[in-house]
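Handing you this structure, nothing more for now.
Order of writing sets the chain letters: A, B, C, D and E. Residues in each chain are counted from 1.
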Amino acid sequence: MSAQKSAVIFAWILLLPAVLYVLAIVAYPLVDTFILSFTDASLRKVTNWVGWANYEKIFNNTFAEVILRTFIWTFFSVALKMIIGTFGAAMLNAAVPGRSLFRLLTMPPWIVPMAIGIFMWGWMYNGQFGMISGLLQRFGLVDGPVAFLAYGSTAFWATIVTDVWIGVPLVTIYFLAAIQSIPKDLYEAAWTDGAGRWYRFRRITLPLMVPAIITMSMLSLIATFNSFDIIWILTQGGPSGETTTMIIDTYQTAIGSKKYGEGAARAVLICIFLSLFCFAYFRVTRRLNPEKRA
Amino acid sequence: MSSRPMIDRYSWWEIILIYCGIAIFLFFVLSPFVEGFLVSLKPLSQLFSSPYRFWPENGSFEAYRTMWISVPGFGRYIFNSFFISIIVTVIVLCLVIPASYAFAKFEFRGMGILLGAFLTVNMFSGAVLLIPLFRLMRSIGVLNTYLAMIVPGVAFLIPSAIWLLRTYMIRIPQELNEAAYMDGASHFYTLRRVILPIAMPGIIVVAITTFIGAYAQQFIFALTFNSKTEYMPLPVGLFAYFGKQEVIWNELMAASFVGIAPAMIVIFFLQRYLVGGLTAGAVKQ
Amino acid sequence: MGQLQLNKVQKFYGDYEVLKGVELDVRDGEFVVFVGPSGCGKSTLLRMIAGLDATSKGDIIINGVRVNDLPPVKRGIAMVFQSYALYPHMTVFENIAFPLRVERMEEEKLKAKVENAARILHLETRLQQKPGMLSGGQRQRVAIGRAIVREPKIFLFDEPLSNLDAALRADMRIELAKLHRQLKATMIYVTHDQVEAMTMADRIVVLDAGNISQTGAPLELYHKPANQFVAGFIGNPKMNFLPVTCMSASEAGATVDYRGQTATLPVKPRDGMVGKMMTLGIRPEHIQLGSGEISLTVTPSVIERLGANTVAYAALGSETENFCAMLPGSVGIRADAPVAVGINAADCHLFDAEGIAFERRVELTDIDMNLLAPATA
Amino acid sequence: ADKEISWIYCGDTIDPIHTKYIKEWESKNAGWKVTPEVVGWAQCQDKATTLAAAGTPVAMAYVGSRTLKEFAQNDLIVPVPMTDDEKKGYYPHIVDTVTFEGNQWGVPIAFSTKALYWNKDLFKQAGLDPETPPKTWAEEIQMAKTIKEKTGIPGFGLSAKTFDNTMHQFMHWVYTNNGAVTDADGKITLDSPQILAALKAYKDISASAEEGPTAYEQNEVRAIFLDGKVAMIQAGSGAAYRLKDTKINWGVTTLPLGPDAKGAGTLLITDSLAIFKGSGVEDKAIEFAKYITSPDIQGEYELQGGAGLTPLRPSAKVDEFVAKDPFWKPFIEGISYGGPEPLFTDYKGFQNSMIEMVQSVVTGKAEPEAALKKAAGEIEAFK
Amino acid sequence: MGQLQLNKVQKFYGDYEVLKGVELDVRDGEFVVFVGPSGCGKSTLLRMIAGLDATSKGDIIINGVRVNDLPPVKRGIAMVFQSYALYPHMTVFENIAFPLRVERMEEEKLKAKVENAARILHLETRLQQKPGMLSGGQRQRVAIGRAIVREPKIFLFDEPLSNLDAALRADMRIELAKLHRQLKATMIYVTHDQVEAMTMADRIVVLDAGNISQTGAPLELYHKPANQFVAGFIGNPKMNFLPVTCMSASEAGATVDYRGQTATLPVKPRDGMVGKMMTLGIRPEHIQLGSGEISLTVTPSVIERLGANTVAYAALGSETENFCAMLPGSVGIRADAPVAVGINAADCHLFDAEGIAFERRVELTDIDMNLLAPATA
């Protein structure tokens, strides 16, 4: 008994520094934000308690559209990250000469300061001078400049592609690790039974990657939902608000229009959404987890 | 060829397919860098000219020289980033190693909630919390110091580091703890002499990801909480190339490449550990 | 002194009672083996003695002191884990030295102790290697080394040999037996391998679903198992069981009927046993070719020729389990060819419907009564 | 120790002229020190705001004059009243850009106006007279159309990205048609016929504009012009300096006028030095602000060229300058009927509505009337 | 047809020659066991036959076709891995059905086949469970199930039982032997457990450091080992070796001297053997209490009482290895008490200095020559 008690005490001692640190640095602003969300805080020096007004305001305008867009944006971004990450991991796992170089070459998007990476994409998307439009014209696929950020539909996808690009290296490396920890004898057994490379990938690699995919999609879901810089630098939520996600909307309200109270309410809402979403996600995916290999 | 296990042998068309796949993947990953690199070679006047030319005409590495002149403090920015990242990494490791150990090896009430709470921290991006954070930074008096970037940086890097390291530590057999306990080792002694060395690959992975996170991605805190040019990190420093009216694109790109080079070198030497540390299953004796 | 006493020890996991009140006295210097099928609670009991798991009810008393609430190191015990739990990043020397380092023993004394342990375990040349470079048996010895440097009064082993291959296992068995005599410490050893139990134990404790089924010297369990569970568990190959009916009972024993053949088994009769269905037990090694007091014709389906012995397995009547006979190595039988075998009544065991054995009238002195006393007593 | 005036200075480096005069001022005011903090343009204003909102304002910051109303209403800045003499020194309407409720709230330090640049080569190629730029919207639209049809190169560079200068560009059209977003009483007059005409003209000219105007802001459009891939743009004086480095044959003139115009107009954008309340050195900061923007120093600063600034005050030096570089003329001419950026409490909200309005017309999502009506309704809330 | 031929098969890892030219013919339906100590190349050879590892040199011929470059599935073989390699995310049904799914067999036929396999292996009730929920023996059966549905002509097993505990191992041994007779397929089985080899094989191939040391029926290896390596490896407990000197040789055999005692061993003499140092081999089960043609007095240090047998271990003279004797279960010996034992010359083996055996004159017909023929032949 006492041994267990001392273990619990020790565990708390170990946890304490990290917990206190996060409490101090993050929890305080969090609570502050939460309180703020019930006030009309702005640049004005006096703030008033307004109760649920900020929340009511949110649901009064086009917010539903923003929420829907955020989910679609997040869904496609996360899904693409998972697909491309899986593809990349599978490719980098192949035993061909040069693979350690190739692995190294996947890292730069992760290492480069995010803003710079986004500027580079901005360049690529530029209709007049950018690489994509330029090469498309060069190869005669389009006859004039194509400005990818000019239209809602293309801008929507352009921001997704950039977000995917930034997220893919970590996902790929993580998946690569997951693939490599699958016991080799499973593949040998399948091969002995005549399963080809693709079949082995489909029936062994993929199912056994499920736990890794769950973890990664969870983490990148949170990051993507909160992805701000990409949209902000590329389109500022435009054109015509067609790339405005919840976080952009929150930023515009809080920082742009200086309506700190309303902005805080939106931030709290994001957090609630995400928590609910993560919770549901855990529930659903836990059943997908393949049986632990004994 | 013949020494390779037969299962890993590829027919010629498989090799072509694999290389094509790798090429497509790397093309996606690297094309902005190709573009960025080409931009860095082009003289400014040629940047905004159409039709698009892939290869720079009379391209040169001139921008790699002039970048040091137009932003004299650039070397300092790189140093700052390095310095800040290393300190952040060290603090994060100090906080996260014990915490992940506690999460991985002990069971106590409220553990699930606490873990979830750490995840929640990740849900708030720093941007939303900026103003309350600023007030906090001011009240603890760290504005305009290196600490202004280190303190919040650490906080937002802790949660994912805990998640990563905990996953790794869970795989260390419980018997090692029990054996040490049987031998009379205190919890702390066990952590230091047994767990730490064994968890090294995992710790290295966490160190790398934390370092990169701090090195490249922390922009907003630096900008808001620090006003001193001499403490600015790389991402902010890069914005120095955004002139009053015009972005000096070629130098910006050159500076970006120079700026990420140190981190690339770190990764280059540690990438073995990166994949390996994530892979390592149950600790093998 | 390494005297251990378990007083109505119980263990619950939630509502599930894993150990149902275990009572046991272990004498100083005794080698006690816990055997039992998987999941019967052997490890749990051992871990409770070690102090790794809490005791739900009852007392654990070591050398007269109730230790329920003491941490392992204060109990004067050492444990060798099934997986060895060697520290992969430390050399063999450091692994063995670990408990001493914890105690902050001074370097010279430590070195002497570790080297002494290494000598006992023939690890002198391995001291600077890491566990990863050692074979299974060597690792096992390192794990023991780590246990002996602390000079505990009680050693606990949890299936220490189950990761080794058969040959190594046999070797290590002997090593451990020698070590026991050398150290004269109390050893408590968990296994589910009855051969290990038979060969190493001064006393075997057979556990069955959280209860002690029988406690006794190996040959006592072999010759006089208290119940069908122990009879089936001890002995390799497993004892054969035949359904019989009791025809009559007298001082000479019980007369039973097996498919029309009768034999009188020399067991202590009990009241009201006549007419009951019973189970006759006969060990494979007591079956002989030809005829006996009970004769059977069996058709072996599998024959295993081990050189010294031949083991024949046959299905017998409605029995789903194999009927097994252990015959001399050069016996001329073949699979699928019927063969006649016989059983002598004196070798038979008899169990009632609940599986409780009738005490056999076999005199243990026949086998040399001294054998039953532990070697170190 | 020295008392300190902290100054958030936008840009990449401090202008040497400012450095020079800071030193001079410091030597004249013993015990005082000016500490500029250079912040990139993109984050400059947000930083000043954040600091003020968090309760640790800087003494002085370089901000867009449009934000002054917001700051003033929230009691973040102190007024910087101007004497009539001082007011007279400026070109017309400039003082208006910093005036709100009868008080001045900042000291103008930078000023920009726009003019129309045209590419003579492209005009020639399209069969137009290269020396005759459009004078009216109608001409402008017609010429753009002709050029686009004849050469395949867009006639007019339109910027409609989700970006602040999209609204600025539109405001130029408003002020070249005698329009106003609000009247003297602060009533919203967005849905006036003048502005509707401007929006309709936008719609018309967008047909001859570059592909995807919603992807470009004004600097990006300028880059296209510099590349010879668009025939006309409206831009500041900076473009002239850049054009000198190209082979393009160009001309610059006042912005074409709408049907209701009374004369050459343009949007007048100023940036000001705002003095924040609560820094403890407000008075000295005002003194310094006035010093650093005093006619001589300011003249020296704004006339070094390339930065795209328009002089704030008329002077002999300016005339001399214009004489030497005649392209300056249209930039100064436009001032006479120009107008300030509309001041709104929630400027960002207003700006977003305007951008949305322009974008919906340019992309053909909405008809000008409907878009205007919608925007007029929205901005009511941002007054 | 499951006929396999290995033609000077060699395997290099870099410069290291793991297999040094293995020659072997396996008849259709034969049960061949590869045994040998750890690291001798058993797994490598098996994996080469399977097609998992490339063959460096030599040919592997299955049913007359050289298969060196064919992938496993085209070789008509199935392999059961030591770790079972079950797919943890699939049910037992899907695991067994896997090879059929690869072939795109139609659903109904597939179901019938899987169910048939499940019936053979008594897995009917487990089909919907995942491997994680099964016991070791059940997993092993699933792995076999996956192999048998493909109806291969050759089964390869790599130490399939080494993860199981002793009791289960014994059961599975019998199951496998039955399965072999049922399927009549060729089976090649790798183990380092000589008991498994003895009990299951039609023919045992003893590998020693990449070479075949001896090939033969189990009892042939037991009674007539070709060399000291095989003699030591086959038989449990291990054969005892004594250093002797050859005094004279005649048709009757070789007369050797062991510490002053002489005995004439009935082996085929060779030229020039007189006066040489040799090694006498005697199995523990051939040592009897009392005296024999050679008599020894030994002091057992460890005594293992297995019930049916008693095994005594003693250090003998300068020998570091244990001298081991297997005596009847009820023998009255005690540890540390000297006891006299005897050896009969007819039971002895004789090896020259290189370890090559002298052929014993023991007639295998004495043990019933039929036994040496494989049961299925």
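Observations, loosely collected:
What we mean here is this: a contact is a pair of C-beta atoms (placed from the backbone, for glycine too) under 8 Å apart; a residue touches a chain by one contact, two chains touch by 3 or more.
Here the structure is a predicted model, which means the values were calculated and not measured.
Shared contact partners of subunit A and subunit D, listed by label, are B. Ranked by how far their CA centres sit from the centre of subunit E, the chains are topped by D.
Of all chain pairs in this entry, the one linked by the most C-beta contacts is A-B. Spacing of subunit C relative to subunit D, judged by their CA centroids, is 94 angstrom. Chain centres here are Cα means. That of subunit A falls 57 Å from that of subunit C. With each centre defined as the average position of its C-alpha atoms, the distance from subunit B to subunit D rounds to 40 Å. In subunit C, the residues that touch at least two other chains are 51, 71.
Annotation for subunit A: residues 128-129, 145, 188, 191, 255, 260 touch two or more other chains. Those residues of subunit D in touch with two or more other chains are numbered 50, 53, 223-224, 227, 229. Of all residues in subunit A, those touching subunit D in their complex are 42-45, 125-129, 144-151, 155, 235-241, 252, 255-260. Against subunit E, in their complex, subunit B makes its touches with residues 2-7, 9. Looking at the complex, you find that subunit C touches subunit E at residues 38, 135, 162, 165-167, 170, 173-174, 177-178, 181, 192-195, 198-200, 218-219, 222-223, 234-238, 283, 285, 301-308, 311, 313, 322, 326, 329-330, 332, 334-335, 366-368, 370-371, 375. By the touch rule above, subunit B contacts subunit D in their complex via residues 45, 48-50, 71, 130-131, 134-135, 138, 143, 223-224, 227, 229, 236, 239-246. Of all the residues in subunit D, the ones that touch subunit B in their complex are 10-12, 37-43, 47, 50-51, 53-56, 219, 223-224, 226-227, 229, 238, 245-246, 306-308.
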